[in-house]
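Residue numbering begins at 1 within each chain, and the chains themselves are lettered A, B and C in the order written.
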C-alpha cells in the first residue's frame, strides 16, 4: 500500500499550482504575445511594403478597404508602417532590457564578489546613474556620436542597469555571507559556478520582475527620442517616429499619430500590469 | 606518536570593525593564538560560548579564511591560500557541516543533484560512477532513494542535515569540520544525527573538528576537547578526563552547568559579570572579570597554555606548582 | 550632523565629477574636440588658440585635469551655430523653461499631494480608484502622446487654445497641463502609499486608541511622517525643473532649454549640449542636497542613526 501511494504523493507535490490569473492580466499577456507575433511575422502579415507609396490614396482615412488604418501624406499604408514600427520598437526594448539586465547583474555580482573598491565604484556609478535624468545623458551621447540602430540599442542598454546591480549585489552578498553560496564555495566550486549555477537561478525571479519594470520605461524612452527625431532614423521607423511624423498632420490626418500612440500606451500598460501582478505574486519585498 | 593529521599553530584572526563611514576603525581579535593538533581518526570537540571564536577557528582550520598569523598544516603541508585553484582542489580532502542545513542547500535543486555536486566540481570519474556514488552516499546517511528527487524544503531538518553530510562525504574527505551541526535540530533528531556521525567516523576513519556550545553532545562524540574563551584555548585534553576533573575555572563552570550523566552532582558554579564580548576584551587573563578565583596577576598578565599533566594543557595562573600558593592569597584578596 | 552633510556634500561632488568625466570621455571618443567645439569652419588660428587654451597637445591625464579647470572657470565653449558663448545661450532660455516647469510643479503638488492623502484616507473609494488609475496612466502614457492628444482636443477640435508657440500666457496652458497631469498622478500614488504605510504603524493605532481624535492623529502624526518619503520624489521633481520639459517643449515649440537641447543634439552643437548637461547635473545635485537637508529636519532619527553609524 505504502509503495503505491508514495509516488502519487510525490507527484502531487511536484505539480505546480498555477495561481489564478486575473482577467486584466490575462488580457495584458495576450496583448504582449500579439505584439511579439506581429513583430516576428512582420513581413508575412504586412499588407504592403514599408516604403510602398499609393499616390492615388494619400491621407486616406481609416476604414478604407485597401488601407484599414488609412495612409499618410506620401500614400504609405499606416498599418504596414505600424507593423514594422512595432518590430523595431520591440527589438530595441528587448535588446536594451536584456543588455541592461546582463550588465547590471554582472556588475552586481562583481561588487558582491570583490567587495572593497570594486563595490564602492559600482555603487558610486549606480548612484550617479540614478541621480541623472537618463534622457539628458542619452541626448548627450547621441549628440556626440549621431544615431544608429546598434548604438541606440546599446545606449538604451545602459538604462536601468543600476537597479539590477543593486538587487544582484544585495542578494549575492546575503547568499555568500551565510548559506548555500558559501557552502558551494567550500565544496571547491569556482566563483563562476557559484554565481551562475547557484546564485543566478535563485535570484532570477526578482531580476525578471525588475525587467518588467524597466521594459516599459525603455519603450517610452526610445519612442520619446524617436519622436524628437533623434532616435531611430529613416528609412527605419519606430512607434515614436510615427507619432513624430504624424504630428505634422494632426489637423488633417490624426490617425497617423493616434494609432502608434495607442500601441505605445497599451504595450507599456500591459507590461506594467504583468509586472505588478508578478511582483505581488512572487516578491512582495520589491516596493 | 605519529604526526597529527591537522596541526594548528598560533592562529590569529583579527577583524576590523568600523563605526560609520569615517568612524575610527578598531581591530577585534576573534582568534588570538590558537594551537592544537588533531590525530587521524580522532574527533576534537571545540567548546565555547558565542563570541569565543570557535566558529572562526573552525573556518581557519578548514582554510575558508586566511589567518592573520599562524598556520594550519594538513598532512604535514600548509594549506594553500583561499580561493586559489590549489585551494579549490584541496576541498575534496576536507569538508564542512553547517549549523543550518536548509541554508547550506540550494533550494532550487533536488537533493541528488546537490549530493552529486562535489563529484562534478572535482571531476571525479565518469557519469555512471557519479550516479552510483550518489546512491551509495544516500544509503550511507540512511536516506531513502526517493528523497534524492525532492527539494530541500520538502525534507525534515534531520533529513536535510543528513543530505548535507552525504554531500560533504562525496569526495571521501579525510577531515570534517562540523560547526554546531545539531544545534538547529530538535533534541529527538540530534541524537540520531550524532549517532550517524559517530558511526560514519568509525567506518570511514574520519578526522573531525566538532564545534559546539553543547557539552552534552561534545562529550558524546569527542575523544579530545578544547575549551575556548574570547579567542584563546583555555583548556585542552582527553575528553573523559577533562569532564571529570576540569582544571580551568571556566571549564569548571561549564562542566558544573552540564554534569555528566551518572556523575556525582557538584555545586553549580554560576558565572557573574557580562558575557564575553570580543570587541571589549579585558586585559590580562580575558576571563578574570568573571573568574571566581581571580587575583592581581590575572588582571595584568595573560596566562599561557601549559601542559600540566600528560595530555592536559591549561591556561591559568592558578595551575602549576608555584601558583598553588597564590590560590590561597587570591581567595583572601 | 556636520558629518552627515560632509558625506552628502562629498557624494554631490563625486556626482559632478562623474558628469564631467562622462562629458570628457564622450567628447574624446567622438573626435577632435577643437573641431567639435569650435566647429569645422573656425579659422585655424582660433583652433590653434583653442588647442593651446584647452591643452589638447598635453598628455591625456593632464588634459583631463585641465578640462576640470576650464569648466570650473566657466569656459564652456561657443555654440558652433552663432559663435556665442554656450553658457549665454543656455542661460537666456532658462526663464522660458521655468515658466512651464514651475507652474507644472505647483500643479503636481496641488493635485498630487491632497489627492494622495484623500485616497489613502478613503481607501477603496471612487477617488482612490481614480488616483490609482490616473497613476498607471500617468506612467504609461508618454508625455508627447498626452500633449498631442490635448492639442487635438483643445486646439484642433475645439479651437480654444493655441497648439504651439510662446506669444501669450494662453500658449503656456497646454504644456503646463501636459507636464503637470502625469506628474500629479505619480505623486498622488506615491503620497497615497506613504500615507497608507504610516497609517498602518502601531503608534497611529496607539494614538487613536488613546482617544486622540482621528483628525488630530492624521494632522499631527500621519502627515509629518508620510512627508518624509514624499520629499524625495518632490526633490527629484525640483531637480528636473531645468531639463524635465525636453519632450513637452518640443511638442509645443516652446523655446526653452529643452528645445535648445534637442536642436543642439540634432545639429551636433556640442558646446551647448555639454553646457546643458553640466547645468542639469548641478541642478540635480543641488536639489538632492536640499532634500537631504529637509530630511534631517523631518526625521531626527536619521541624524542620530548616521552619527551613531554602527552598521
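Operating definition for what follows: contacts are C-beta pairs under 8 Å (C-beta built on N, C-alpha and C of every residue); 3 or more make two chains touch, one makes a residue touch a chain.
Everything quoted here is computed from the prediction, not taken from an experiment.
With respect to chain C, maximal separation of chain centres occurs for B (centres as means of Cα atoms). Put simply, the chain nearest the middle, going by average C-alpha positions, is A. Between the Cα centres of chain A and chain B there is a gap of 50 Å.
Centre to centre, using the average C-alpha position, chain A and chain C are separated by 24 Å. Averaged Cα coordinates give chain B a centre that lies 57 Å from the centre of chain C. Within chain C, not a single residue touches two or more of the remaining chains. Those residues of chain B that touch chain A in the complex are listed here as 62, 64, 83, 88-92, 95-96, 98, 100, 103-109, 117-118, 121-122, 146, 149-150, 154, 164, 167. Across the complex, chain B is touched by residues 6-7, 10, 13, 178-180, 182-191, 193, 198, 201-202 of chain A. Those residues of chain C that touch chain A in the shared complex are 11, 14-15, 18-19, 22-23, 26-27, 29-30, 36, 136, 139-145, 148-149, 151-152, 156, 163, 239-240, 243-244, 246-247, 250-251, 261-262, 264-266, 268-270, 273-274, 276-277, 280-281, 284-285, 288. Here chain A touches chain C in the complex through residues 124-125, 127-128, 131-133, 135-137, 139-146, 216, 220, 223-224, 227-230, 240, 243-244, 247, 250-251, 254, 257-258, 261, 264-265, 268-269, 272-273, going by the rule given at the top.
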